[in-house]
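Take this structure first; my questions come after.
First chain written, first letter: the chains are A, B, C and D, and each begins at residue 1.
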Amino acid sequence: MAIDDGRSFEHPLYHYWENSPGGGIGLTTLDRLLMHSARHSLWFFPMATSCCAIEFMTAAASRVDLDQAGTIIRPTPRHCDVMVVAGTITVKMAPRVKKLWDQMPEPKWAIAMGSCAICGDFYRDIYSVVPGVDVIIPVDVYIPGCPPNADQVMVALQRLQEKIKLQLEGKFVERDLRPGTMIYPKIGTHGDARQSAEVAQAQLDGARGLGVGGKEHRVPRPAAVQAPPEADATSDSGEQS
Amino acid sequence: MNLRQRDRINPHLDLDTVDAAADLMALNMGPQHPSTHGVLRIKLFLDGEVIIKAVPYPGYLHRGVEKLCERLTCVQLTPIFDKHDYVAPMTNEQALNIALERMLGVEVPRRARYMRTILAELQRLASHLLWLGTFTLDIGGTIGGGASLMMYTFREREPILDVFEMLTGARFHYNTHQVGGNRHDIPDGWAAAVKTCMDQLAARMPEYEEQCVTNSVFLMRTKGIGVIETPLALELGLTGPNLRASGVDLDLRRDAPFHAYDEIKVNVAVSNGCDTHARFEVRIAEMYESIRIVRELIDNVPEGPICSLKPVRTVNQIKLPEGKQMYTAIETPRGELGTWLIGGGAEKGACPYRLKIRPPSLHAMAALPYALVGHTVSDVVAVLGSLDPIMGEVDR
Amino acid sequence: MMGPVDPALREALAKQFPDVFAAEGDLDPNGVVVPAALHVALAKTLKESFGFTLYVSVIATNFPTAEGETYEVATVLRNPTTAQPFWWRVRLGADPQLATLYPLFAGADWQEREQFDLVGVNFVDHPDMRRLMLSEDWEGFPLRKSYAIDTPHTPWR
Amino acid sequence: MIPNPWLNGLVVGGAVLAVLMTLGALASWWERKFSARLQGRVGTTILGPWGILQPFADAAKMIQKEDLIPRDADRVLFYIAPLFPVTLVLGLAAVIPFAGYWADGVWHGAAMVADVDVGVLFVLALSGLMVFPLWMAGWASNNKYSLLAAMRAVAQGVSYEIPMVLAALVPVIASGKLSVTGVIAWQAEHGWIVARLPVVGFLAFVLFYLTSLAEANRIPFDIPEAESELVGGVITEYTGIKSGLFILSEYLHTLVASAVATGMFLGGGHVPGLAGLPIWAQVVISLAAMWFKTLALFVSIYWIRWSWYRFRSDQLMELCWRYLVPGGLGLVASTAVAVSLGWV
């Protein structure tokens, strides 16, 4: 019986099995089986606030049909594995998002759908908008777009399954970076030819994978498969807020 | 019981004056709830399951759009307006651009006006299809008949979005209107695609209507629920289908024509039921009417330019006159979407000084404290669904 | 465009509010400026005598001037039978106070709360003058010109 | 079949348990595919052929999920409530003969765990108990949605118990037997209830079917688990396999309720033309017939589920007390009259 206090979770059965003779081999096989099951049965919790929610609903409808991959959309966080943040998160909503995320049982993942959830889009400079949901919760997969097409939700689901598989195999999982590496023009500095060129250059740099001023921002993929997990935590650009 | 609804129901009821023995339970619906159409929060005070008082709390999607509008130029505003009412972006763009055109006195070419009319009607269809799906989803449950109908309406909505994609390149958030006309001209084969889409929809709409109106449970759940009487509806400022379901024959498409509506006849559906089922009937009738209008117009789009001004080169090429202010409104799928525009803002008048958006959904939400009292928790979702609110528009 | 106003309405308004409405010439297309004292009386006359029963909107605007902050509150009504809109403006000083229209129009409840929330115009005698969009403990009024658009709000932004 | 009741219970019970649990799991897959086809989608496709392994993956995932208990929950009740629904439903299945055969001109039940003399009472009693775990879960969760759902579930369960008992009385009065085997044996001899009592039998069957839907919380009677109103109903706060047990119990309940309705009204495993065949052939055919009828009812339940809307709670009560209870009384009275006049 675990109490919802936000601590990390390990199933009690694991201890008994691991300490029994020969349990290690069985445990590995079981682990693979369970993890294979888990990544094919990701239930979505729609943290649907605005425009992207409509595309998310479309993804569940007949053209894309998320149910193909075994995904059910449940309205209560207690039953779900993946929180899909679809839409702008405001300051008033943010504590609720955090609370709902805390209410989800481990293991859990998060998908940020659409530019508003990724970085706030053009609302990022406004007094009441949280500039990206990764201010509040750890995001595993980003779906860029405003809004992304419905089939991109399926692509994100596959990317998440791939990450879970890598995690299971003990391999290094590269952190997904915020796709918005372009520099956002501050509101109120438009219309100037010189600044437009700057923005164009920044977009170009962003597309090339360069950060501000041409600095390399992407962590090179490590040569060794088993890299220390700390190595992926550095991304020094892409956050302009 | 001949008191008017306004006098009968007090939305600011002081609960201390209610009989203390009636042990009221406060139930929070939302902001994360499957049936609140986004992030509305309603606090319900329940006696058993009967609602004594309902207090809606909007604002969980308040994105400060009006502040943002003061900082962006008129050219930059169109894509912002797409995101208010994300179920009907096309009509939102039109509301903004008509406001700017009327303030500047810009004439729109006839071809562009016809195109705008067609787009508005297609958007009304797409929006009402989504409403039909979510409304029945609320009544029938996410596991149940409502979900089936929702899947059908989403399937029917896809061809309309495809038609928009053909024209503008985007599924929604089109940014296809500009001051003086449209940005994208009709591509080859578009009219045929629209006609196919309308034929398909016209063939299937009766089935969907039948699935609802022949179902006794659906009728039991909707008739007599969520009554908003005519005087109250007017006082609250309900517009569009919600007002017409309360027995007021007012449709800005016919009564204050914009686009090409002055050249065609619009049959306005009105119902005197005032309840959830009346709102359902009015919207269904509007969908048939929209199909008729699109079919009538699609072959008669006149030739000519699609924009009377030169194409956009810089963001501040359109300047609003200083000191001028005016209210402009058009009929969107949800009702009267108005803008109060004050010219002469930043960037030498390229930005509006103030742009207040008059959202029909906010007024519809203000009806909830009146419409919900006396009903049960189950009816909350039915009434809310019938009012068709879009939270992006309520909160802005 | 307010459009041409019914001559009978013009005449009656000029008779009842002679200081505000001229009997001749066009009405100010930006909206007639009405003294704050006549605000409720005008709304009542329009609603009860001329059929302007549809409450459309209320718009408060902040105008910082050299003398200090000023405010304008515009009210829009519509006649549902003719679809004719009618609007007027009220000018207020640095401490904006205006009588509420809630007893006349139930819809003024939320609209006035919203304007109070965003612009900070206080509507007197409103039964429930709380913030509508922002949280209760919010500081400042975002749509005032002095309010910075990117005001931080720790810890969320 | 097996003379020793202990051995019989172990072997047949194990078999019934295994079959029911597998079918219960597959039912969730089948429902997903069925609803998908109804809605113009394809449903699960990825795990196994036609995605048939999906429910097992779901179960494996649920086992791994963190087991959360809300801070202010009643911990004991919260913990034990999920154990009951599946147990009670499987208990229901114990008295149902899933097959049968003719011997000495008498129909004998087979493939049943226990031949209880008061089997019908046992079935009704256990399905009456089904509201308790829901109430326990709803109360213990300390969640207002769960509490409302539990309130509704209890009100609904207690109310629909009455027309269900009345409907079940019709075959009991007609056959004069209180065991499920006895009712089926009478039907094998005299004809199925739906046909033997021309109108009354069919109406009683419809009544029993409707009340079974209500007892199993299926649309249009699914107000205790109304997702669009009460989020997740009583299982809103349950995580992992606990919520899974509730969901499984619902599938099992519909399955077993279909089997009971088959036994009481559709002659159980009996089909005409069995007499004279070797016993093993009779058992196999009757087993197949029983499952065919049961699954047909089961399919119809889900067909209704995916094409209807749901009642409101007060309308549900009105339907029960104003129409179903008087109707049930009328059915019982007319059956009694028919039996006393010797028409049956």
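In this text, a contact is a pair of C-beta atoms (placed from the backbone, for glycine too) under 8 Å apart; a residue touches a chain by one contact, two chains touch by 3 or more.
Just so it is clear, the model here is predicted, and its values are computed rather than measured.
K.L.:
Hey, which pair has more contacts between C-betas, A-B or A-C?
P.N.:
Output for the comparison: A-B.
K.L.:
Determine the chain that sits nearest the middle of the structure, using the mean of its CA atoms as its centre.
P.N.:
The most central chain here turns out to be B.
K.L.:
Among the chains, which one keeps its Cα centre farthest from the Cα centre of chain C?
P.N.:
Most remote chain from chain C, centroid-wise, comes out as D.
K.L.:
Averaged over CA atoms, how far is the centre of chain C from the centre of chain D? Could you give it in whole Å?
P.N.:
Here the centre of chain D sits 63 Å away from the centre of chain C.
K.L.:
Taking each chain's centre as the mean position of its Cα atoms, how many Å separate chain A from chain B?
P.N.:
Distance between chain centres: 32 Å.
K.L.:
Return the distance between the CA-based centres of chain A and chain C, expressed in whole Å.
P.N.:
45
K.L.:
So what's the Cα centroid distance for chain A and chain D, whole Å?
P.N.:
It comes to 42 Å between the two C-alpha centres.
K.L.:
If I count partner chains per residue in chain D, which residues reach a count of at least 2?
P.N.:
39-41, 227, 231 - these are the residues of chain D that touch more than one other chain.
K.L.:
Could you pull out the residues of chain B that touch at least 2 other chains?
P.N.:
33-34, 59, 62, 64, 67-68, 71, 142, 151, 155
K.L.:
Tell me, which residues of chain C touch at least two other chains?
P.N.:
133-135, 142, 147, 149
K.L.:
Under the definition above, what is the set of chain D residues touching chain A in their complex?
P.N.:
Touching chain A from chain D are residues 32, 36, 39-47, 51, 54, 56-61, 63-71, 75, 79, 227, 231-232, 235-240, 243.
K.L.:
Which stretch or stretches of chain C touch chain A in the complex?
P.N.:
133-135, 142, 147-151, 153, 156-157
K.L.:
Which positions of chain B touch chain C when the two form their complex?
P.N.:
For chain B paired with chain C, touching residues are 6, 11-12, 58-59, 62, 64, 66-68, 71, 102, 231-232, 234-237, 239, 243, 248-250, 252, 255-256, 323-329, 336, 338, 340, 342, 353-354, 356, 358, 362-363, 365-366, 370, 395-396.
K.L.:
Provide the residue numbers of chain D that touch chain B in the complex, in ascending order.
P.N.:
Those residues of chain D that touch chain B are 35, 38-41, 144-145, 148, 151, 219-220, 222-223, 226-231, 305-315.
K.L.:
Would you pull the chain B residues touching chain A in the complex into a rising list?
P.N.:
On the chain B side, the touching residues are 31-34, 38-39, 59-65, 67-68, 71-73, 76, 80, 83, 86-87, 130, 142, 150-151, 154-155, 157-158, 171-173, 314-316, 346-347, 350, 391-392.
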